[in-house]
Amino acid sequence: MPEREYLAGEFFLSGDDACAEGAISAGCRFFAGYPITPATEIAERMSERLPEVGGNYIQMEDELGSMAAVLGASWAGTKAMTATSGPGFSLMMENIGLGIMTETPCVVVNIQRGGPSTGLPTLTGQGDMMQARWGSHGPYSIIALSPSSPQELYDLTIRAFNLSEKYRLPVLVMSEAATGHMYEKVVIPPSGEIELLARRKPTVPPEAYLPFAPDTDLVPPMANAGEGYRLHVTGLTHDERGYPAMTVEAQDRLVRRLVDKIERNKADIIALEEDGTGDAEVVICSYGVSARVSQIAVERARGEGIRVGLLRLITVWPFPDDRVRELARQVKAFVVPEINYGQIALEVERCACGLAKVVLVPHMGGRVHAPELILEAVRQAAR
Amino acid sequence: MPEREYLAGEFFLSGDDACAEGAISAGCRFFAGYPITPATEIAERMSERLPEVGGNYIQMEDELGSMAAVLGASWAGTKAMTATSGPGFSLMMENIGLGIMTETPCVVVNIQRGGPSTGLPTLTGQGDMMQARWGSHGPYSIIALSPSSPQELYDLTIRAFNLSEKYRLPVLVMSEAATGHMYEKVVIPPSGEIELLARRKPTVPPEAYLPFAPDTDLVPPMANAGEGYRLHVTGLTHDERGYPAMTVEAQDRLVRRLVDKIERNKADIIALEEDGTGDAEVVICSYGVSARVSQIAVERARGEGIRVGLLRLITVWPFPDDRVRELARQVKAFVVPEINYGQIALEVERCACGLAKVVLVPHMGGRVHAPELILEAVRQAAR
Amino acid sequence: MKKHPLDDYLRVARMPHIWCPGCGLGLVVNCFLRGLLRSQLNLDKVVIVSGIGCTGRAAGYINLDSFHTTHGRAVPFATGLKVANPELEVVVISGDGDLVAIGGNHLIHAARRNTDLTVLCVNNFVYGMTGGQMGPTTPLTARTTTSRGGSVDRPFNIPHLAAASGAAYVARWTTAHVRRLEKAVTEALLKKGFSLVEIVSPCPTYYGRMNKQVTGLDQMKYFRDNSVIKSGIDPKGVGIEVNGPIVVGKFIDRG
Amino acid sequence: MKKHPLDDYLRVARMPHIWCPGCGLGLVVNCFLRGLLRSQLNLDKVVIVSGIGCTGRAAGYINLDSFHTTHGRAVPFATGLKVANPELEVVVISGDGDLVAIGGNHLIHAARRNTDLTVLCVNNFVYGMTGGQMGPTTPLTARTTTSRGGSVDRPFNIPHLAAASGAAYVARWTTAHVRRLEKAVTEALLKKGFSLVEIVSPCPTYYGRMNKQVTGLDQMKYFRDNSVIKSGIDPKGVGIEVNGPIVVGKFIDRG
Amino acid sequence: MKTETKEVIIIPERCKECGFCIEFCPKHLILASAEINSKGYHPVYISDISQCTRCDICGMICPDFAISVVSKKEPSRV
Amino acid sequence: MKTETKEVIIIPERCKECGFCIEFCPKHLILASAEINSKGYHPVYISDISQCTRCDICGMICPDFAISVVSKKEPSRV
Amino acid sequence: MAQREELRLCGYGGQGIILAGYIVGQAVSVFEHRQAAFTRDYGPEARGGACRADVVISDGPVGYPYISAPSVLVAMSQQAYDRYHAQNRDQALVIIDEDLVKPQPDSRRLLSIPARRMAEGLGRVAVANVVMLGFLTALTSLASAESMKKSLLAAVPKGTEELNLKAFEKGYAYGLEKLGAAGVGKE
Amino acid sequence: MAQREELRLCGYGGQGIILAGYIVGQAVSVFEHRQAAFTRDYGPEARGGACRADVVISDGPVGYPYISAPSVLVAMSQQAYDRYHAQNRDQALVIIDEDLVKPQPDSRRLLSIPARRMAEGLGRVAVANVVMLGFLTALTSLASAESMKKSLLAAVPKGTEELNLKAFEKGYAYGLEKLGAAGVGKE
């Protein structure tokens, strides 16, 4: 049914729905998942939508399997995604690491809920932000995006696919129950108007192809299984042929590259939104749904004459060290409201270099901050 | 065979063996595990030693099961442990979170190898240090210890059990292949001379017992299953009775306490070793096997007239913010050698508050640093 | 208010339970408690372990030592309890998704080891708690929220799987067989080794509603009218088809 | 140097392989390649997926698209490949520990779904790669590095488990049955649906040495002299006991 | 063998009107009442207690612990 | 039916002296040699090639790809 | 700041409260040129019990997506009314199903409709929510009747359009009638 | 800094190289009053191939536990000799099994023993490592013969003590003999 392929137009969608539609728009044609509140609706929508667009939905036995299947599907040449929440995200960590090591493009969505453990399954949280960065073993870097609305869940899911293809790694969309379960208007552009990055393919014949020899941007072109390249792909440390290489030198070359391909391309990867930071003496640094609440605090504080700005992290990882350092020289204080007990605040503190105070406004989860809480922190910080 | 119960005396043991003996000395009588290089020897030794001391060894089908079984065994009233390495550690994360949420004492040993993913299974790494802190979803705190020798693997395994009983949570022993597979003399004191903390038991009858109502140190006394208390224990957010309570207030009270019981007792938990930090202008901050290598660099640098000190983190988590902040006011720079691409260095940077430079000396894994590498960083930093 | 004879064994303070009207889960707890009391076991030593799911909430309503663990990990958690303290009588009550989807590996391995656990696996053909998605027990062609066109994956035959893994006691009953169920609970509790009772139970809110059995009562009638008792037969043949007969009985009882 | 006829299908640059002298794994790869060539499949579309273990290294030596994944996850990774691109012929070659210990859940679920995969499960009775610990296939009383007094847990009967889960094709051969093995590989590859071939194989370094079959050849002779071919029988009865007979054959071949 | 020490109790506040006991009472003695409890359900009642065999099917089948045969001597034991 | 286009090759450097081919050659034609290859193993040789049936059991059973029947026409195909 | 309205619909599970909220949100944001954010309660604890749908409507982007104090409260059960009534803005409009809710005496701007009974009259008690929606549309300026009807038709299952439209019109007409009678200005 | 010696034993898998290293380390640290750190190669890549055991010995705590340049190298295979020979300290002592290793002409302080052949003479080629250990003990002052024998007995399987002691003594005697002959001073 080609006319249903893209739902171009304006729709009133939940964030979860919008995420699924973003995936479809991005060309995602494989979803492996396991139900979990509050991400289940993504799986449910994908189970209906994928068959309509010639894709495949498979419900796996658990999140370990979902993540592994997504990696396999990606190597089959398909854009692939899974979606989960905290407990399932924890279970995906080992195979997210395999995705990092084997440079497998794919998208993992985490609709965060209250944690730790089973916590508050239906209520919101932002407690997995550091887990997104550090949850798998070993040294690596990651890309994580944080949408603030259903529209942005749509947009950033597309961007996540693009970044995953461009930098060849699992890209994380770190949303939360508040946004995933919120309905707003979502504008879906006609398919031709969506910028999509295709997989970078090898330009040499199989004999000459080194599957893990990077281009100048540190990313290697990628052949898929079944294309005659006779790939070998392993989670072991490997050389440019992809063959296991149990040496310090191979490890050094590979792991540095895996990290550097993200860190050195930060300028391309990082997206921020700033509002009134130009002359701010206090900057609220926020992300996800908390940024919406922060916006209220900003407006009210300005009403009180406080020069406050908002730095909204659209890309949370890699962290925008440079911009925060820069702002630190200008502002008195950063206020960091998070629905956790301080995660991104630690990064802000690190980059503030003691030049600006960092005020965490923690919320343990279950609801968003009362704007007053943030406002009060801003007032204090501005003093 | 009671005379074999404690192997008091001097032995030439690998770190892995020493860890197992430490567990036995600490009163550990349950081990659930799954083989993984380079932690397998701990399981192997436990499989021989536990039956000798009346304990139980069970080999589970995977690390998910191992971690769950350890929690179950702890609630049965037994000191329990598991040991793994990176990939297995990733798989344990969800149930470590359950251990945090349900306040279940137990010990998890990670003998780190080169990562990410399968990486360098037989070679050393320190790439899981941030994962130890943040690897499970949701907001929480953890305790992690980092031994620098087989003797210390013995000692700190005992300490880990004591801390786990005292603060009621899974305590992590974060070692690495280099130490786990190194043999040195290990002195095992006679059993009477080892200080062991017993589980804090309720002092009230079952009707009056609130299983999750804390004492003043924020830790609740613990009844075991089978003792007539009719406990209910859940990974959901719960009230002091242990009953699910899906409210923001319950979440706030519980999660704050789970974090605060660690953060507010830092003075008791944190152990550091300092050498020559008194007048140092450069401090090497290091842990695990890297601290041994750093020691060489310290000696050589001193030979060159550089005033350098060593801050060895025996407790890595909670991080000694205060001491690092203090030192930051004194020193020009911190040098942080790690067998990863910068993890603990980020914490040092955060606490250095821009007052002292932080020089990471990264090593991607597979071997320890050449002492010269660290020495050179010290020289540069001292300039 | 009048007191129910089982109130002493329930956490009455937590009532009413969260289960939907017409859900079979309260009935399962009811029959479990009766079977337990009949077994004469020392209740101080009985421990209930659940995973996550609607069924998983059972642990929270039964007034015994009870653990509501993580999704899929009830069996290994129970294994730890039992192995560390063999005096405990450890009972796992959990859902089909919990025990045979995410927890399938633990189930078969515990059966293989013949660990002395009693497992009540409530099969309502879906993941109830998350809103009725298909699972490993969803009959072929049945509709769920992730198989609106009908499930295309074949379901497990749970008794066959448990038997092939090594379980010592395997039975299946439905919630329409309350007496047999009570008896099976008692037998399973008293059995040394790994016992599994599959309990087919209504989930009107999701499974029933999407498959033309709109109320719990509709599902109960279907269970009653389509069950065939065939104790002792090889469980190979007891797979469940949509709207088909349900073979119930005690299939395995090893010495 | 002379060229071996299979060299074109091997990553000769990576030879010699890491497997111990007398290990059966090279033989398994050898017979697999022969069975594959016989099947006439388009080799560009054949993909090998392994997990982690000595057996798991097979993927690295076979000169086809090949994936060496994480421990236990070969089957779901393969499922992703196959479902996303049904043109691919996806073969899993991995160890007993990988496939039925940590990966057991994926195995039974893939069999349940009857996903069109070919799985070669090499059973050497231990976790070879990590040094010979007991696993879910270690026969009762056999000695390993974590069961020095003899294993106390019962092993799985893999064909029975696979059959009970829904596999379309289930066979067992040993490394002493090279011709039958080759044929089974071809059959399994050509079978639509989930095929599993258990291959009993020597691990002299650990299992053999600790159980009085010191060399690979000792194990091979034991396999040859104690195997009983019983194709077509119900795999229920084909459990393996220490030093006992090994029932081999094709047990399931569903239409 | 039925004894006179047993009787059927109903706790109307708990009834959710699922109809299980109505359907499964072997004697078809149970009916939905016209009353409404605080949750909006019509709790059940027993039409003709004299025919009741005290079989306790109703007690076992009720998912809401709203009905059961109790022994008069020991009201809290089954 | 055997044709003259097939012969048995041995790659002595690869042999690890496992003895599988020696034991399993139906004609018992394979023996360990006195030579030592670079890895320290005694590679096998065929004692009496005239008795060889080209059954290729040796080729199939060798874990080290050290021995096999090859067709002279197409040396790289089985 | 942009003009902001906060609508809360509440009742119990099965009354179609959530659908009603969705329809309002969609009407406002897709079929008119304002913005709406719609949120609801989830979870097993919510099953069978109280049920709530919140719609925040704004001329510009809806920053904060939650309700602080509703400007319009629609209550279709006593329990829900009791729970949420106190949180209203002082000048809030309260709309109830008069058969299901007994209002507090202090309610200043109160309007009621026998929505459930009217739906029964149409042969399907399930459309009480749509009757209520028509009523709400007549009484407020959240969205035009036209937009609301478009949204309704886009949201209900195929085959039920006619019934739903009828229900809507019935509520709408009743609302207009009341409006005339009570002289309550459109918001 | 404390006096530090670095011993490397190398050969191929199955020769008991690891056990020998363990015995030296244990002798030094448990049965004498010095410290030792013993490390080795692991992993499947090591199987069958080269095999290495390193012991660092010190009067005080062994800080850095790895070998930079061995002061004593014991090589029991050509491959191992070739690989590690170049890394020695200038004044290192090199000990080889003369039947298994053909040394380079530049080796200054070289001593050799037909350990394997002597072990064969004892009926068990497997004790070549212990013959070598005796030899090593005679030629160096890493640990006394007494400590070494205690460590040996603590490390070998029950029932093999006598054979092992015999092998040790044989190597030790051969070493003393060589010592007299070559006039190599103890380290």
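By letter and in written order, the chains are A, B, C, D, E, F, G and H; residue numbering begins at 1 in each of them.
By our rule, a contact is a pair of C-beta atoms (placed from the backbone, for glycine too) under 8 Å apart; a residue touches a chain by one contact, two chains touch by 3 or more.
Computed from a prediction, not measured in an experiment: that's the story for all the values here.
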Trace the shortest sequence of touching chains from subunit B to subunit G and report its length in steps.
-> 2
Hopping only between chains that touch, the fewest steps from subunit B to subunit C number 1
Farthest chain relative to subunit D (centres taken as mean CA coordinates) | G
Most remote chain, CA-based centroid, reference being subunit C = H
Distance from the mean Cα position of subunit E to that of subunit D, given in whole angstrom | 58
Find the geometric centre of each of subunit A and subunit G from their Cα atoms only, then give the gap between the two centres in Å, rounded to an integer.
-> 36
Between subunit A and subunit F, tell me the centre distance in angstrom, where each centre is the average of that chain's C-alpha atoms.
-> 56
Where subunit H touches two or more other chains simultaneously, the residues are 43-45, 48
So subunit A residues touching two or more other chains come to 37, 61-62, 64, 87, 94, 97-98, 102, 117-118, 121-123, 234-236, 246
Among all residues of subunit F, those touching at least two other chains are 39
Subunit E-facing residues of subunit C, complex = 1-8, 10, 15-17, 19, 21-27, 30-31, 34, 37, 175-176, 178-179, 182, 215-217, 220-221, 224
How about subunit G: which of its residues touch subunit A in the complex?
-> 1, 22, 25-26, 29-30, 35-40, 42-46, 62-66, 151
Which bits of subunit C are touching subunit A when the two form their complex?
-> 52, 68, 70-72, 101-102, 104, 127, 129-131, 133-136, 145-149, 153
In the complex, subunit D touches subunit C at residues 101-105, 108-109, 112-114, 136, 153-157, 160-161, 163-166, 236
Per the touch rule above, subunit B residues touching subunit C in the complex are 29-30, 32, 56, 58, 60-62, 64-66, 68-78, 80, 94-95, 97-98, 102, 225-236, 243-244
